[in-house]
Structures are given as structure tokens and as C-alpha cells.
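Per-chain residue numbering starts at 1, and chain names A, B, C, D, E, F and G are given in the order in which the chains are listed.
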Amino acid sequence: MSRGSSAGFDRHITIFSPEGRVYQVEYAFKAINSTNLTAVAVKGVDTAVIAIQKRVPDSLIVADTVTSVYQISQTVGCCAIGMIPDAKFQVKRAQGEAASWKYKNGYDMPCELLAKKMADLNQYYTQNAEMRSLGCALLFISYDDEKGPEVYRVDPAGYYRGMKGVSVGVKQVPATSFLEKKIKKKSDLNSTETVELAIEALQNSLGIDVRSKDLEVVVVSKENTKFTKLTNDQVEHHLNQIANRD
Amino acid sequence: MSRGSSAGFDRHITIFSPEGRVYQVEYAFKAINSTNLTAVAVKGVDTAVIAIQKRVPDSLIVADTVTSVYQISQTVGCCAIGMIPDAKFQVKRAQGEAASWKYKNGYDMPCELLAKKMADLNQYYTQNAEMRSLGCALLFISYDDEKGPEVYRVDPAGYYRGMKGVSVGVKQVPATSFLEKKIKKKSDLNSTETVELAIEALQNSLGIDVRSKDLEVVVVSKENTKFTKLTNDQVEHHLNQIANRD
Amino acid sequence: MSRGSSAGFDRHITIFSPEGRVYQVEYAFKAINSTNLTAVAVKGVDTAVIAIQKRVPDSLIVADTVTSVYQISQTVGCCAIGMIPDAKFQVKRAQGEAASWKYKNGYDMPCELLAKKMADLNQYYTQNAEMRSLGCALLFISYDDEKGPEVYRVDPAGYYRGMKGVSVGVKQVPATSFLEKKIKKKSDLNSTETVELAIEALQNSLGIDVRSKDLEVVVVSKENTKFTKLTNDQVEHHLNQIANRD
Amino acid sequence: MSRGSSAGFDRHITIFSPEGRVYQVEYAFKAINSTNLTAVAVKGVDTAVIAIQKRVPDSLIVADTVTSVYQISQTVGCCAIGMIPDAKFQVKRAQGEAASWKYKNGYDMPCELLAKKMADLNQYYTQNAEMRSLGCALLFISYDDEKGPEVYRVDPAGYYRGMKGVSVGVKQVPATSFLEKKIKKKSDLNSTETVELAIEALQNSLGIDVRSKDLEVVVVSKENTKFTKLTNDQVEHHLNQIANRD
Amino acid sequence: MSRGSSAGFDRHITIFSPEGRVYQVEYAFKAINSTNLTAVAVKGVDTAVIAIQKRVPDSLIVADTVTSVYQISQTVGCCAIGMIPDAKFQVKRAQGEAASWKYKNGYDMPCELLAKKMADLNQYYTQNAEMRSLGCALLFISYDDEKGPEVYRVDPAGYYRGMKGVSVGVKQVPATSFLEKKIKKKSDLNSTETVELAIEALQNSLGIDVRSKDLEVVVVSKENTKFTKLTNDQVEHHLNQIANRD
Amino acid sequence: MSRGSSAGFDRHITIFSPEGRVYQVEYAFKAINSTNLTAVAVKGVDTAVIAIQKRVPDSLIVADTVTSVYQISQTVGCCAIGMIPDAKFQVKRAQGEAASWKYKNGYDMPCELLAKKMADLNQYYTQNAEMRSLGCALLFISYDDEKGPEVYRVDPAGYYRGMKGVSVGVKQVPATSFLEKKIKKKSDLNSTETVELAIEALQNSLGIDVRSKDLEVVVVSKENTKFTKLTNDQVEHHLNQIANRD
Amino acid sequence: MSRGSSAGFDRHITIFSPEGRVYQVEYAFKAINSTNLTAVAVKGVDTAVIAIQKRVPDSLIVADTVTSVYQISQTVGCCAIGMIPDAKFQVKRAQGEAASWKYKNGYDMPCELLAKKMADLNQYYTQNAEMRSLGCALLFISYDDEKGPEVYRVDPAGYYRGMKGVSVGVKQVPATSFLEKKIKKKSDLNSTETVELAIEALQNSLGIDVRSKDLEVVVVSKENTKFTKLTNDQVEHHLNQIANRD
């Protein structure tokens, strides 16, 4: 983006430029890439899965404390990608919204409503002058008794969508192309295909062979509607399957 | 608009330029076109209809979750076009206003009053310094027992009008011309004519043949005062009728 | 107004320039002409009348929903001219003030007090930094049991006056000259003369022959103290009378 | 005042310039002359009088609704000169203060205390950043049982003084000189002399012969402590007396 | 003070310049001289006195309403010098503080505590961004049963001191030198000497012979602890004594 | 960082630059080094330790009052490094959070939750315009009955991590390299090895021989879960052991 | 400090410069020297003492009302140096904190806690945008039953330390060097030595012979834990002892 065209319209949180753009929101999208990670989510027939790079930036960090995936409620899982403190703030907020819904209504908050709520909060930050937008994107997965598996994407502008497959982060362009090609060919993926497509799309977009310890893979499915993280062995198994297939 | 003439008067939300213009509001209008969609609404003798492009920007998006039309109450439907998060904010607000009216008065909020209320809220954003205007336009349709079908348009400046036909979005100029010509010739449109004029105006302004899956068509009529979305087959049928007529 | 002379004093709502001017208020006056309309009001012996151009900017607008004249209470009518959303905001406020007075005092709010109240609100906007002035002017007419017919003008600066005749809008200069000449010659106008002077002044200032559908004419009189809008036929009749007289 | 010397210190309401001046307050004084009127008040032995130009800027204005003199309470009259909406705001405030005093204390608010109260409010506007100063000056007259006739002047800076004679407005310099000369010669003026000195000073400062309809003359006196406006005939009589004397 | 050295640090109320100065407070001191007056206060063995120029800027002002000295409580008198509206604001505040103390404690507020309280308020204005400092200085005198006569000086920066003699205003430099020389020679002044030293210092600093009507002289003493203003005859007597002595 | 690239985006607390950076937060990191200290924390099998330089900047300071390590609760210790007043503010806050948790839940606040809470507070300062970020980093150590020893790092951006070893401050780069090399070789450190690795890493990064009085070493372990500071003699002993080993 | 390097980062109270500095706080330190005074405090075995210059800037000031030392509670004394109104504000606050503690806890607030509290308040001013930092430093002395004599220093940045000896003010550099040299030689000072070291350090840093009336010396000791001011004769005695020793 050329500096000349923004001409000061980008230094106030809530004003329009003459072209009708709100620059501060656009800059917030840049912050999503600040951790240099990529995530992929895929929705199959009975399964929804998120695969995300796990990079422990420093060998001294206790690897267990580094994660981008969070349980929001019994039935909803989330991956938050971007500025880490902003991501954690969003996750905490989502957990609070979900808990409050459960308490009021006696059943878990449907994934779509949660995605909508988080998007509404993001929209508010783009309109009001008091606080900046949050520099992170969210992916939600859930298995709904009626609708089956669900994948939602929420961005800093307050936009959310249900997705068949989605990628966010630095390599989202190649990962998305990969997903589009594959899902076009075959969209009724069984559980294994769903998991392996997510992993493969991520691996493909990165252009390197990933090892099981460089990945976090989380799954919800008809058999197990609880948000479950695959073990390293399980991930390894899928990686081998993919390698053998090629 | 030349940059020179605004000279800084466009960077504060609530001030007049020497020509008596409020630039920030004018810029908000530009944001209506940000999603690159066009909508058309037409009022017939017994029917009001909205036809709007449906473009799923990404083949991975679950098409069902992409819509620009919303039910506001049992009798009022709405199409919101522009920045999507702003549009959803407005729709939620309209739903809240309508529900609150129903609760207080025991009958559904008349469409004109709802349009007026939303316009008043928009006017407030143009006068007060705290929050920016919302970058979206609204079309409301309803069937009123006394007044028959109604179409209202509400814009970011807080202006609203009852319309015989109306278009908003990137192609609103050609679509409006088309509507004007057609309605001038014949304004007492029956149900089918109303629906097909809306579709035709949209198709004509886009300069391409649209397919049923690229359209959302919603209808209220004397026979069925509830806001109803046509099925793909119904839309297909109308598209064929139009094609055959030409 | 040369830009040089304002030198930044025009970008803050509530400050004086070295010459003691409050520029933002002056700019608000420019906004009155933004809809490019002109209104004329005349006070006769027993009658007060407002004639205002009606221009439906778009043939698709439902003409009935376009109006610049509003009933404020049983005895007071109003014409609001300028930025339409601001105008509607002012009208709603005036209706609220009048209703509140009626409720508290048991009789309709006298027209002068209403004009004064609206002027006071406008003054407040010129002094306080929080909100901009409203870009519209108001004309009020009423028939008072004691004082007879009344015409009041309220402007964005918070200035109001009782008038024998008055014009606001783009053509207010020629319309005012016309009124001054005519009223100087004869000021004890009967009902018909009052109506026709208003119409004639408007027609004359526009320099074109107006048709009944391009006009809104509202009347209060001794016989009928209720704010009444003339029908197209009645307006047509007056237009013919004027044409024949010339 | 040269622009150079203010150098930006005049664009903030409540800051001092390096010379210890508060520019915004000085600019407010300029606004007093914006209506281009002059007023004169004189205190005699038993009488206090205000004479002020009445100029109906537009022959269409109902002359009765144009006035610069207001009754504040049963015993205090006021002339407000400057930006008219600001003047009316001040008058309303003064009326409110006087009514509140009467209610609390059971007797009319003494004129000096009222002048002091209004001056205190003006001082506040010069110190606080929220609201601009008001662009008008006030003259109060009253007949006090103990002190006799009183004349007070209040200005936008929050300064007030009891006066033997005073002029405010565009011609205040010549009018003040005239008053000083006359009152130096003879200060124990009887009722007629008081009235005629006020009129003469005003006439003299304007350099033209004024007619009774161009003047408002209000009087309080020992005989009639109520604020009374002279009729046109009474003013005419005084004008003739003055003319004959010369 | 050179403009260059302040470089914008003087346009914000509560910030330090790189040299640790708060410019706005320094500018407030300039405003003390805006009325072009000088005051002198002297403390003797049993007497405290303030002598201050009285200048009626306009021969039309009722001389009785012009004063710079105010009774704060039964035992404390005050002279306020600087911007008159600010001075009156401070005096009113001091009267309120003193009255509140009396009500709570049952005895008059000691002069030192009152001076401290007013200084604290001034300090607050220098630290907080909301309101500008007040452009006036205060002198307090009182006769304390235990401490004898007292003289306090309070300035816009929030600094206060007990003084043997003090001068504020345009001629404070020569007046202070005069006081220093005289008090060095003889500091145990009796009542008459105290009064005459104050008058003489004022006269000397002005470099002109003052007349009794150009002076206000207020006294508190062991014999009469009430704040008392000398009559013109008493002042005249002292002036003659001084003249004869020379 | 080149000045040119920030271009004003660094002078507002809560806005994004076009690259999606929040400059003020980045500058806060610089302030961590303002006291020119370095700290090292290491986690062993049964022990967690912090070693930090102790520099008494002035020989007149009572050495006992200089410390960078604080007890937060019975089980959590903290080292705060950066701007000292900010550090103390953070420590006080952490103590308050821990005490409040203990009171509500009846057991000590787990170290991870405390670190998360402090990180959340830091995140808030980066998003809200009212207060600047705090210029200090925090290290927490604790012995958890279930998880064993723990080391957490919290930074001004609101980022926190569990660590095997960590260094913050001016020499954090060489200290971190040293830790990485050593821990890679052997990570199952016993108590003595843990303490001595922390001391050695610190000594090594500083490039000088430190004496026991230049160090603060605090320990929590399985045997003694209370935060304990080593005596000078104990530190001396470890220093000798290290020296002998080399 | 070169202007270039601050580049506007010094005009906002609560922002960091790119180097992680908060300029406004640094400028506040400059204000400490604005009264051109120096203070020295020394801690002996049983005694803590503050010696500070007393300069009556004007011979007319009542010398008794000029002091830089204040009693905060029965056991804590304070010396405040810098902008006098800010200093008095801080002292009043400290007295309030100490009184409140006594009321709540039934015993005097320990000196260290009071110093910490005042430092915390200063830290807050450096972080929050509403109020500037206070331009003064504080020294506290106290005799604690358990810890013996104590000396604390609190600065505008919110930093506080216990000290063996300390100097603040314009001559703090030479005074501190003097103290360091002397205390290095002998730190177990008896009462007399403590007092005389403080006086000597002050005298030495000023480079002139001070007289007893130019000094304020306050002491707390094991024998007399109350904050006591030495009489002029006592100070004179010590000055003679020092002179004789040299």
C-alpha cells in the first residue's frame, strides 16, 4: 500500500478515507501474520479438523505451554492466530461468552452464534474510537447434532463465515488454493480424509516436510463430539499415510 | 472528489466544510460498494420483492452462510449491502427495535416506522463525534394490511424513502435507469411481473446472464405476508421466463 | 468566503475567529441549500400559509413519502428545509417538545414558544463542542386564538423571528424581494390572497411555471385552525388564478 | 490585532498567551458588535433608563417580535446586545436565576446580585475548556427601595460594574464620550432628563436623526418600579423635546 | 522570554518544558498586571494594613462598586489583584471556604489555613489539564488572637507566604524595595506607622502624589480585629501626615 | 529501527502502523534495559531458580533495600526487571491478585494462572488509549505439587510462556545462548546443577567474575517449596564450585 | 539534551520515545532544582538527620513561614524540595496517608511503607495521561523501634530507596561525593557525628560558610524518636564544632 494514498486517514481509528476505507482495520489484518504461522481447517462429512503449525520460537520454552488451539466449551474448539496477547484476550472472551450462554440456557452455545458474537465484538472495535482492533483471526470448529461438523472463521473487521475449508496466516494463499483444488474434486470426506487433507494442505503450503512435533491437530467428529487433540503418534501416522500416498 | 477541496475538513467526523458538506458521511457512501454487490427492490400491486446478487467470494465458504437478506420481524424483511460487519450490526439493531416494538405494542412494527428509526440512528452518527457512520445501506420490504406492499431505502446519512423500485450498490446507476424506464411504461405490476422486473433489472445492470445460484430473491405479498425466499428452482423458472420473453 | 481569512478557525466547532465569528455555524447555513429547494411562508389577516417546492428526486420514489411539511401539534405546522436527516431530527424533536407541553399544561404549545425552544436548542449546538449544528432551517405556522395567524423562522444559529412573509432555500433572495414588494403594497391579505402570494413568490423566484404536483401548500386559518394541506386540485386552481391575473 | 502576535494561542479556549492574555475572550467581545446596534443606559436621581436602537433587518419581520429588552423579574429589566441566540440564552438564564431567588427568598433578587451571578457564569466559560464564551453584553436596570435606581453592565469576560451611564455596541465610544461630558455637567437628573439624555446620547453617537420606531426606551423609576417600555408616542414626545432644545 | 525557547511547550496546560518549567503558569503571572494596579500590605506590631490603588477606569462607573478589597470572614480581609472576573471567582471561593470552616468548627478559619487552602486550589489548576490557572494574586490580612497581625500572599502557582510587607502588581518592584529599606530600619511599627508605611510605599512606587479617593486602605488591629476600611477623611489625614513628614 | 519507517505511528498508544505493528509496545521493551541489569532463571528436575545481578547504584544506598526479587505468595516468587517504579507497580498488583485468589479459593494461586493474569493486564494496556504500557518484564518461579518446578516469563506486550531456562535484560542474548547450549546437553538438572547453571549463565553473559554480593539467587524446590533467598555464603560456595569446575 | 533527539515524544505525558524513555518524567526532575536549594540526610547508628538550606528569598517574608521540613506523623519527618506548591501538595498527601494508617491500624505508619506509598503515587502520574508528574523530591526520616534510624528518598519517577546518606537539589553531586567519602571512612556515626556530617556535607557542597539561620536541621534518634528541629543555638554550636575541627 503506498503511503501517499492514505494521507493521514490511517492514523485515526474510526474514520473513513475518501475511498470509503477504514485503514486501521486493514492494518490489523497485517498483524495476523506477525507470528509467522499458518493454520488450516477442513470440514468433512462427520468431522471437522484444525491443523496448525506449532513453532516453539525458543528451545528453552516449555513446549507444552505453546499452543494455538483452545477449548472454548465442551463442544467448541478454537484456533487463534496473530498477535499472541490479543489472541489470548479473544479466547478468554469467547470462553466467557460460551460459559455465560450455558449458564443461561442450559445447553452449549451453538458454534455459529459464538462466531457471530465474536464478530460483533470485532465490528464494535472498528467503529468506536476508544480501543484499537485486535490483531488476530479465529477459527472455530464444532460438531452440531443437527448440522453436523462446522468450521467458522472470524476476522478483525468483524466478518465471519461458515467454511468447508479455510486457511489463515502467512501461507494462507497457497494453502487455500490447495484446499480449493482438492475439495472441488472430492468434498464428502470421511474422518481420515478430513484430517489428512488439513495436514496435507498445511504441509504443501509450507513447502517443507513437517514433523509431528511441528503440528497441532485438533478434531471433533460424530463419534466424539468433544474437541480432541491428536497425539504425536497419531499425527505421525497421518503424516506417513500422506507420504506413502504421494 | 479532488483532495484539494476537502483540505482537512474530511478528517473530523462531525464538522462542516465551508461548502456545508460533512465529508465523512460522503465517504461512508463509498463503503457501500466495498462488497461489489448490487441489489434491486420493486413494489408491485400486491407484492414487494428484493433481488440481490449472491456471490460466494471463495468456493470454500459454506454457501448457505452467505446471505444479504434477513428477516427482521414476521412482516418485515431486509437487505443490507455494504461493509458486511456494519451490515450485520444494523440488521441486529433493526431486529432488536422490531422485537421491542412488538413486545410493547402487541403488533408488528410498521415497516415505515422501522425505516425511520434506523434512519434516525444513522443521522445521530453523522452529528456526534464518538462513532463513525456505518458503511452500509438498507432496503426494507413488507406487506402492510392497509397500505399494501412497501419498499424502503435507508442510507448512511440517515435519509430514508418509500420507493416503487430502487437499486443500491455498484451497479445502481444502470439498474435504476432500467427500473425507471420499465416502471414508467407499466407500474401496476402483478406478482410475477414484480419478481421478474427485479431480476431483470439486476441482470441487465450486471450485463451478464445470472444463474439462479447467483441470486437471492425474497418476496412478500398479499397472499403470503411473510418474508419468503424463493427456491433456486423458482428463481430458475423466472430466469427462463425472462430469457424466453426477450 | 476566502479560505485565507478563516485560517483554521473554522475547524473547531465552538471557537471564535479574531473577528468574533463562529465559522462552523456559518457553514451550517450553506447546508440548508443542499437539497436545492425553496420555501415561502406568508401571513395574512386570518391565514398563514407555507408553499414549498416538492421535488421527487427520483421517479421511483413513492411521491407520497416525500414531503417537507410536518404536523407538529394540532395547531402548529412546520416546514423543514436543508439536510433531510437533520430536518427529520428537528421535526421529531419539535413534535416531542409540543407533546410534552400539551401533557404538562393541558393546552397546545403556543407557536412562538415552540420556535423559541427549537432556537434555544440550536444555540446550544453552537456553543458546545460535542455535536455539530444541524444543517436545516425551520418555518412554523399556526393560528393563535389571540394573536391570529403566525409565521416563525428558526435558523441553525439559534435565531428565530416572527415574520409577515419569509423565504428560505436556494432562491430565498429573489423570493424575499418579491414578497417585500408585494406586502409593502398590500399587507392585509385575505385567505385567497395569502395563499396565492405564497405560491406566486415561489413561482417567481424559480423563474419557471410550476405545476400543482411540484408544490406543497399548507394552510392554517381562522376558519380552520388545523394545519391543512391543499389538494392538488386546490393548488391547481390557485395556479390558474395567478396565471389568469397576470 | 496582528495575527502574528497571537501565534496559535487564540485557538484554544482556556490558555494564556505569553503576555497573559486569553485571546478567545477578547474575540468574544468582537461578537458583541455583530448585530451592529448600540445601547445607552443612564441612571438619574429617581430613574434608570435604557435606550437602544431597534432595527428590523428585514421589512418582512413582524416588528413586535424584534426586541433587545427583556423583563427579568418584576423589578429588573435587561438589555442584551450581541449575537442574538447567545443573548436570548443569557436572558433565559437570568430569568431563571431571578425566579429561583424569588422562590427561595420570598423577595425579588437584587439587581447587583443578579449582575454578579451572570458575570460569574461568564467567568466560568473563560476558564473551562468545554464551552465557548457567549458573544453578548448585558445591561440591567432596576429601582431598589434602598439604593434607588441602578444600572449594571456585564461583559463576556465576567466583569460587571454599576454605572451612572453606559453604552455598549458599535457606537459605544462616541456615546460614552457624550455621556461623560453631559453627566460631568449635571448628574442629578430628574426623570425626564434621564430619559432624554439616554435618547440624545444614542442619537448623537449614531450621527443621524432617529425616529420613535427606531428606538426602544425602557424605564424604571421611584413612581413606577416596574420595568416599563415607553410607547412610540412617548418616545416621539421626547425626541421632539430634544430637537426643540437644540 | 524568547518565543524560540518555549517551542510549543507553552500551549498545553500541564506539561513540563525540557528545562522543567510549566509555561502556562508563568503566563498567568503576567495576567496579574492586566488591571495595571499596585497593592501594598504591611504588618506592624498590632496592626495589618492593605493599601491599594483605586482607579475608576471610566468616570461613568459608580465609584462605590469599584473595589479590590473584600471581607472574607469576620476576621479575614482580602485584596485580589489581576483579571477582575478571576479575582471575584477567587474571593467567592475564599468566602465559601471560610464560611464552611466556621460552620463546621464554630470559630473563624485562621488566616494561614485559608491562605494555604487557596494556594492548594491554585496548585491543582497547574497540575490538571481541565481548567486554566487563575490570573490573579491574593493578599490576606487578619488579626490573630495568638499570633497578632498577619499578612499572607497567594499566587497563581499555588505558592503562599506570611509577609512583613508585600507588594503585588505593576509597580511591585519599586514598592518592595521601598518596603525593604524602611522595614529594615524599623520593623516594630505602631498602628499609625503601619498604615502610613503602606500608603507611602504605594505612593512612592507610583511616583505621583495620590489623593485619598485614589486609594483604598483597609486595616485590622488589636483594638479592632474586624476588617475596617478607612474613610476618605482618614486616608486624607494620613496623606497629609506623610507629606508633612517629608 | 529507522525513524522514517514509523512516521508518526509511534506517537499514539493504540494504533497500528501500516505493517500491523504497535510501536509504543515495541518501545516499552527498550525500557526493560533501562536499569542495565540481567536476570537468568532455570528450571531443574526438582528446583527452579532465579539469579539476577544486584547492583547498588550508589554506595550510600542501604543495600538491603535494593532488590529485584519479590515474594508474591507463599509459593510464588518473582523477579521484575526494567523501570523500577513500573516494576514495583507490577509486583504490587501480582501480590494483590495472588492474595485475592487465596482468599476466594482457599489455596495459593497457581503460578501459571498468575502469569496469565499479569499478561492479560499488559495486553489491556496495549489496546486501550488511556495508559501507557509498563516498561518491565517479569519472571515467576514456583514449585507446583503436580507439575513440579515452574518458570514463567511475562513481557510488556502481554505475552507469557513457561520456560526451561530464560534470561531477560541487557545481556539476555548471550545468556540465552549459553543456557540453550547447556540445557541441550543436559536438561535433567538436580538442585545444585540448577542453581549453578543460573549463576554460570549470568556470569558468562556479563563476561566478568561476579562476587556473591553482586548477585541475588532465589530458589524453590521440592524439599522447600517456599521462595528462599540464598545467603551470601551459599552464593559464594556456588561461585567457588563453578570456578573450580572450569 | 538535544532537542532533535526528543522529536515530539516529550510533549505527551505518557508515551515512550523509541529509546524507551518517558521524557516528561525526565523534565520533572529538572523542576526539583527550581528553588535552587540543596538538602542532605544522613543515617547514623542511633540517629537520622536532615540538613537543608533555608533561604528566605525576600527579606519581607516572615522567616518562620519558610520551611522545607514537615512533620508527617509522630514518628516520620519529611523534607520536600522542588516546586513549592507541588511540594506542599505531596506533604499534605503524605500526612493524609499517615493519619489514615494510624486510624486504621492503631500505630504509626512505618517510614518505608509511607515512602513506598508516595512512590506508587508518583509512578501513577507517569503512566496516566490526566495529570503531570510533580516537580519535587522527598526525603523521609524516622526512628523505627526494630530497624533503628531510617532515611528514604522518593523521586518524581516513583523510585524510592533507603539511604545511608543522600543529597537532593542543585548541589547534590558534590554533596553526594562528600558523603560517600566520609561514610566510607566511618559509617557507625554517633548522634553528634551524624548531625555534623549532614551539616558539613551541605556546607561543603555549597562552597560557602553557612550561618545557623541559613540552615534547617531536623533530627530523630533513639533517645527522642520524635521529629525535632534543632534551635539556632544548637546549629550554631555544631557549626562551631565543625569549624574548630578543620
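Annotations
Convention: a contact is a pair of C-beta atoms (placed from the backbone, for glycine too) under 8 Å apart; a residue touches a chain by one contact, two chains touch by 3 or more.
Please read these numbers as outputs of a predicted model, since none were measured by experiment.
Chains touching both chain A and chain D: none. Computed from the mean C-alpha positions, the centre of chain A lies at a distance of 32 Å from the centre of chain F.
Averaged Cα coordinates give chain D a centre that lies 57 Å from the centre of chain G. Averaged C-alpha coordinates give centres for chain B and chain G that are 71 Å from one another.
The set of chain E residues that touch two or more partner chains is empty. Starting at chain B and stepping first to chain C, the touching chains follow one another round the ring as B, C, D, E, G, F, A. Those residues of chain A that touch chain B in the shared complex are 7-9, 12, 14-22, 43, 112, 116, 119-120, 122-124, 126-129, 157-159, 161-166, 176, 179-180, 183-184.
The residues of chain A lying in touch with chain F in their complex are 1, 3, 6, 10-11, 13, 23-24, 27-34, 58-62, 64-66, 83-86, 88-89, 92, 130-135.
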